[in-house]
Amino acid sequence: MKKILFHTTDYEYLAQQVLSSNKLEAGEVEVRKFSDGERYQRILTEVEDRNIILLGGTINDEATLEIYDLASTIVSLGANSLRLVVPYFGYSTMERRVKNGEVVAAKTRARLLSNIPNSYKGNRIFLFDLHTEGIPHYFESNIRAVHIYCKSIVHDAAREYGGDNFVMASTDAGRAKWVESLANDLGVNAAFVLKRRLEEDQTEISAVNADVRGKTVIIYDDMIRSGGSIVNAAKVYHEAGAEKIYVITTHGLFINNGFERLKNCGLIEKVITSDTHPNVMKIEDDFLEVRSVSNLINEIAMH
Amino acid sequence: MKKILFHTTDYEYLAQQVLSSNKLEAGEVEVRKFSDGERYQRILTEVEDRNIILLGGTINDEATLEIYDLASTIVSLGANSLRLVVPYFGYSTMERRVKNGEVVAAKTRARLLSNIPNSYKGNRIFLFDLHTEGIPHYFESNIRAVHIYCKSIVHDAAREYGGDNFVMASTDAGRAKWVESLANDLGVNAAFVLKRRLEEDQTEISAVNADVRGKTVIIYDDMIRSGGSIVNAAKVYHEAGAEKIYVITTHGLFINNGFERLKNCGLIEKVITSDTHPNVMKIEDDFLEVRSVSNLINEIAMH
Amino acid sequence: MKKILFHTTDYEYLAQQVLSSNKLEAGEVEVRKFSDGERYQRILTEVEDRNIILLGGTINDEATLEIYDLASTIVSLGANSLRLVVPYFGYSTMERRVKNGEVVAAKTRARLLSNIPNSYKGNRIFLFDLHTEGIPHYFESNIRAVHIYCKSIVHDAAREYGGDNFVMASTDAGRAKWVESLANDLGVNAAFVLKRRLEEDQTEISAVNADVRGKTVIIYDDMIRSGGSIVNAAKVYHEAGAEKIYVITTHGLFINNGFERLKNCGLIEKVITSDTHPNVMKIEDDFLEVRSVSNLINEIAMH
Amino acid sequence: MKKILFHTTDYEYLAQQVLSSNKLEAGEVEVRKFSDGERYQRILTEVEDRNIILLGGTINDEATLEIYDLASTIVSLGANSLRLVVPYFGYSTMERRVKNGEVVAAKTRARLLSNIPNSYKGNRIFLFDLHTEGIPHYFESNIRAVHIYCKSIVHDAAREYGGDNFVMASTDAGRAKWVESLANDLGVNAAFVLKRRLEEDQTEISAVNADVRGKTVIIYDDMIRSGGSIVNAAKVYHEAGAEKIYVITTHGLFINNGFERLKNCGLIEKVITSDTHPNVMKIEDDFLEVRSVSNLINEIAMH
Amino acid sequence: MKKILFHTTDYEYLAQQVLSSNKLEAGEVEVRKFSDGERYQRILTEVEDRNIILLGGTINDEATLEIYDLASTIVSLGANSLRLVVPYFGYSTMERRVKNGEVVAAKTRARLLSNIPNSYKGNRIFLFDLHTEGIPHYFESNIRAVHIYCKSIVHDAAREYGGDNFVMASTDAGRAKWVESLANDLGVNAAFVLKRRLEEDQTEISAVNADVRGKTVIIYDDMIRSGGSIVNAAKVYHEAGAEKIYVITTHGLFINNGFERLKNCGLIEKVITSDTHPNVMKIEDDFLEVRSVSNLINEIAMH
Amino acid sequence: MKKILFHTTDYEYLAQQVLSSNKLEAGEVEVRKFSDGERYQRILTEVEDRNIILLGGTINDEATLEIYDLASTIVSLGANSLRLVVPYFGYSTMERRVKNGEVVAAKTRARLLSNIPNSYKGNRIFLFDLHTEGIPHYFESNIRAVHIYCKSIVHDAAREYGGDNFVMASTDAGRAKWVESLANDLGVNAAFVLKRRLEEDQTEISAVNADVRGKTVIIYDDMIRSGGSIVNAAKVYHEAGAEKIYVITTHGLFINNGFERLKNCGLIEKVITSDTHPNVMKIEDDFLEVRSVSNLINEIAMH
């Protein structure tokens, strides 16, 4: 018997994509809002003893509790197994306490999802290209967290636009290791944007560690929010002589006119993103190319 | 040393009211929103080994997770004890499964709050005039739930407007027991709105079980949302000869022009509500009288 | 392979009934009492990797711990799944704290049964026509509680004795909603016994909200203990002109000569009860008709 | 502030004894039985933030659940700490599985008491002269089990009746180590009753390992139920030449005329027991001397 | 599909023995030590949804944590079921607190292994010929502990060397019950070494309770460490006239020249041991006969 | 009353240092090894209701279980609070799964320490200069993990040897952020060793991003094991023209002649380390300067 795929309201587009390969049964949920804003949810598909996939990113508090409520109910109705597929895990950048007293929301939310009652065969959660490697271990023992790398999507796009001899570039030192690893996999050089302090306390930024002159530069960042650091990096690489600049990201949020900022800076040929966040579906523009993670989700589901 | 009172964003008004009696120390939280909608929270007051009150209703998903994140962090910073004061507990009307597959959100949310890590002396949660009596037992053993009755507020208001000889009335059979208990406490008669089926499948509604002719009728309902059932009940009591009709509620949500509906129906003298829900603070009108639960909260805190 | 049905000592009669449909294998337990009153129990049927049904009501403390001990042992011997079928859940009327300091035994016992160790596929508990709707949510996350409604038994009996046009009646306001729902399902009128306070503090009881004159009245109550409130209700309906009165109940305890009281009041034609409580098996009298829940149990087992 | 001592119904006698030393405050509980046998319990003394002792042996299933319900409620009302004082722990002889499928009730009951919710400072349980040493470790981490040895009572009684040169004797090999330890503490010889198999499969029992001729023999057993094995041992020691035989026990159950059996066998001078089990209070006879554990309980409480 | 057998580093020899019967698939683990002594472990065989046996005794702290780390990882990789087979359970002699403040390592280690996260079908642990019967109940509810008796191995060896009419003997009173049970099973007499105190405080040891004159005596002890008590017992039985003495043990540790001590005392014909402890594999000498528990392990695995 | 400081065997040196400030009471533990290698531990100081600090790094498996056993026992004896002070947390470099099937020991060990039973006021663990920031959140909710930064020690040493105008340097890109933060705090430039790939697949390493010519370079790494990467980095900075090179580390393990390697490379003036790892106490040499974390521990204890 096929596994059943449920999804939250915001992830309808991705669920359709996944279901189109015909490997999963579509689960039906009745959802409506009461006048006081409370959500009525009813699971219409029989889930008893079935294997369930629940697809939805924790893109905001409502989406987070939609997952929590649905998952808790699916378990209480007797599901055999439950796999949460969370393409975008919110609050992943708030993953440690920098100042005393700060809420480490990556931890509180990991605990929250760990506390969903156990299905018969236990619960798992699949997280995509996390901002920090440690996050799967923030989850507590009730749930099994798996980090899914979207490298195949990034590799394909990079090769397609960069050919054989491009430079894989990062926006700042924080992603240095990840980009270095991507570069090694692709057999190309990696470039980092570095900050050098001048004598009189000025900060000069420059991409010094790799020769980008006359080359295609592909900047990768795990997520693009307002696009500011991407634009800054593009400037640096442009000044350093890069011929063409492409941008690849996993999570395209494009908030606060982030997409326009990237498009209008005039330095970037194209932005390639996956569809882990529903915001990418709101943009229709040739400057943006969306590549779906639906195949990865089908693999998770089939395994 | 005084206990510290923290509050969620929406409950600033009630926290100020509680603090005005000068029995608690005000806890400070830095809160701001990132461009992607994520909330940055930082607890600025030292909470280690202190006794903490966290005030906030679960009026929507954001407020619910604001409580969850703050409470989890307060505990992780070493609070000695934690009391959640939740004047309004959302989803309390979704407290049992009527149709197969429904989300029983009163249970999933009770579990969610039960899963806040334990402070040294354990966590308690105080809930006000719950829609259903069983809800405190929906919480799991990690937390101790206490049902706070706002009877004193209702009694005082009823006596003030009803004098010695009024009729305590309910909107439907569901609150019959509660209103009967209020009426007995106040030494007055109780009236219920009943549905009687006529021969040809028509439903006639009438307040038959108590003589309201020429009397003041005080309708109590635990919460007013759009006000529809209050207006219906007022019509019935009016037709049954009630002279004056007052309405008392604990939780005034007044959504979808609910306040206007009550005011404009022309049958009600005044609506008296407590301030458990922030919506009541948005209305300034003599037709609405707000009585604060701040004294009850100070009692909870001082105990 | 068939599921195995075990039962507690008191529920032998119901287990036999369930087994007679030949869908389950009978599980054997050796039970004897030591001279000091302690119970020796040994599970003789191999339960490793089998799906187990354990049938028994928590009709008293001994029965409750017999279930607890057997269930804990069945799990420790490696059962694949465990379903507790509890036709009668004791202490369901002690479901909330009315006076400060009271033991809420419905909660303490729900926790007790939630604490049985988990079988491989988790434990479930099936409870029948509970006195209060919230009780399934008193159980904690280790166990999955399911409320089984015996409506089919009640419907059939009501239709059989009431025909098409009878009145479905309750004993007091507490069961108003339930009886209203039964009445709606059956397409008949519902009647409630109401208390009206007279001028000089006298209480007058009367069935006013539905015309019962010349009609068959079928009183339903979820449980009959000493039968007092049933007899009182019967008097009221009789005085209101009811032609014939039948009584239906799910849980027939008939303690303190409760059965005799009902039979001898002279107002009731017949009492129909299910066999969820072993007390009904001690009575042999045409005035009592027992309808078995064994089919419902077979359905639970087969699902 | 003094700690509060509550007790179960059966342990009123011991609570009075403990309270007579005036170190604890008496906690009041309202208990009554409903007609259906269910127990109504209400804790009348305010327990919030107080340190509580709950005294009661698990002498049968009712007593066990009386403890469970009271303790759960005391915690839910906010007790600061909870110490269960369980003078007699039932089912301690069912502490391992001898035949496949047996209920190991010592474990299931230890789990049950471990599952009482935690008071602020955690729960502890004090168990007296357990039949098996491992039992404190059967409890799970929620509760801290402490084994209280009543050696002082046994020592004093043994010295008083045995003088300086008696023989400390056991009834069978199972208690050999315990009696050997007592004997070493008292500086006397230990005697064991041994079973020797003869050629033709006959079993001859004899006390051979210590010379009891002309000496006072003091038989110790942790509990006396029907008294059979004590009488058998007394016969053996008598035949081996013992001059006088005394019997000391911690737990005197004396079921099935056990007391008469001991008294009437004519071989025993006196039986000395502690008052850990309420059965000893039902006997008034010079042949039985009862020594109270109330001082030990006061020590536990004061610590 | 076959179950997969993993093993710790020290138990390679026993895993090979078990695998030779070809009923299990060999699981591969890459293990190496870093320069700082930390262990790198990688599970090379795919365990997702497979049934896993992990073989290894807790013979020291390293071995204990090797099990803990491997088992935790096997579960985190999605094993369907996990059975820990622990032929030798270290610290089983530290199973109760004799002096205040002592670490009861049998309990702390039982808790440690109970805390391995649950595989889908739960975890079980199989322990062999435990020093104390209560230990399986020291484990907490997360894991199911099973006590495996190696009686078949002991019986066969005893019968082979003792024939039909030997004496089954223990080293001290502590093992009396176990040896008595073995003797009864084999239909022979049991002998115990007893300590008798003489008049002037001297301790005389002698085997008095069974006639060993001219007979073959087979001493059984659950474990042999330095062999001291075995040699002492052998002397006693020799002096009491035993003709031939054999020694059988389950757990042969033979530390501190224990093997040489036994061999060189000149009183023992042969020592027969199982292979539950890897130390036995280091000895190659006709005086020692090793009988493998591998068949028992295959039975556990196949069940 | 003072808090009590216990320590593991290996951390005697650091406990003495901490105790010398006279703010804590020394806790006594009796430890000895049995011939079979098992550890006998007995806590001699009364811990009931006391606040306990347990000091010890998880430098190997034995040390880890010494902490686990001691801590579990301290709690079982009734400690009021427990703080584990773990100066060196082993396995912190195995903090994520790089290849499928790898044991993430940083997580398994964090779980292990989270599973110590709770003292009355809960348990906390203090970890020093962790290799990865996320590790405190690997611990589960039973314990509260606190990351202690030894920045004050590093700052003081850097300023002392570097004066006002030195370069703060890292060994590789992995520590870039940390060193950058240190440099910013000290108002100096940061230098990173970068890997640049040449045309024909050769890797050239060079410190390019900061001008070190003629300057003092201070290399910081969180831990020094064999010293290899430090020596490599020193070479690069030397070749880049650094005048003097100092090395600072928090955790000095100096395994495999690591200390000799650093001393004999001829490029380094001095190595400054804290005393979080006992290995540093084995070296007496002017080339190594040890600065104690004992003040930090006293602060943790006093807080």
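To keep things simple, chains are lettered A, B, C, D, E and F as they appear, and every chain counts its residues starting from 1.
In this text, a contact is a pair of C-beta atoms (placed from the backbone, for glycine too) under 8 Å apart; a residue touches a chain by one contact, two chains touch by 3 or more.
All of these numbers come straight from a predicted model, not from anything done at the bench.
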Chains in simultaneous contact with chain B and chain C: A, D
Mutual neighbours - chains that touch chain B and chain D alike: C, F
Type of chain D:chain F copy interface by residue overlap (half), same or different: different
Distance from chain F to chain E - Cα centre to Cα centre, in angstrom: 39
Distance between the centres, which are taken as Cα means, of chain E and chain B, whole angstrom: 63
Computed distance of Cα centres, chain E from chain D, in Å: 34
Where chain B touches two or more other chains, by residue: 76, 104, 107, 111, 117, 120, 141
Pairs of chains, among all present, that meet the touch criterion: A-B, A-C, A-E, A-F, B-C, B-D, B-F, C-D, C-E, D-E, D-F, E-F
Residues of chain A defined as touching chain F within the complex: 95-97, 104, 106-107, 110-111, 132-138, 140-141, 147, 173-174, 176-177, 180, 189-190, 192, 194-197, 208-210
In the complex, chain B residues that touch chain A: 35-44, 60-62, 64-65, 68-70, 72-73, 76-77, 90-91, 93-94, 99, 101-105, 107-108, 111-112, 115, 117, 225-226, 253, 255-256
Chain B residues within the chain D interface of the complex: 81, 120-122, 124, 141, 144, 303
Partner chain C, residues of chain A touching it in the complex: 48, 76, 78, 117-118, 120
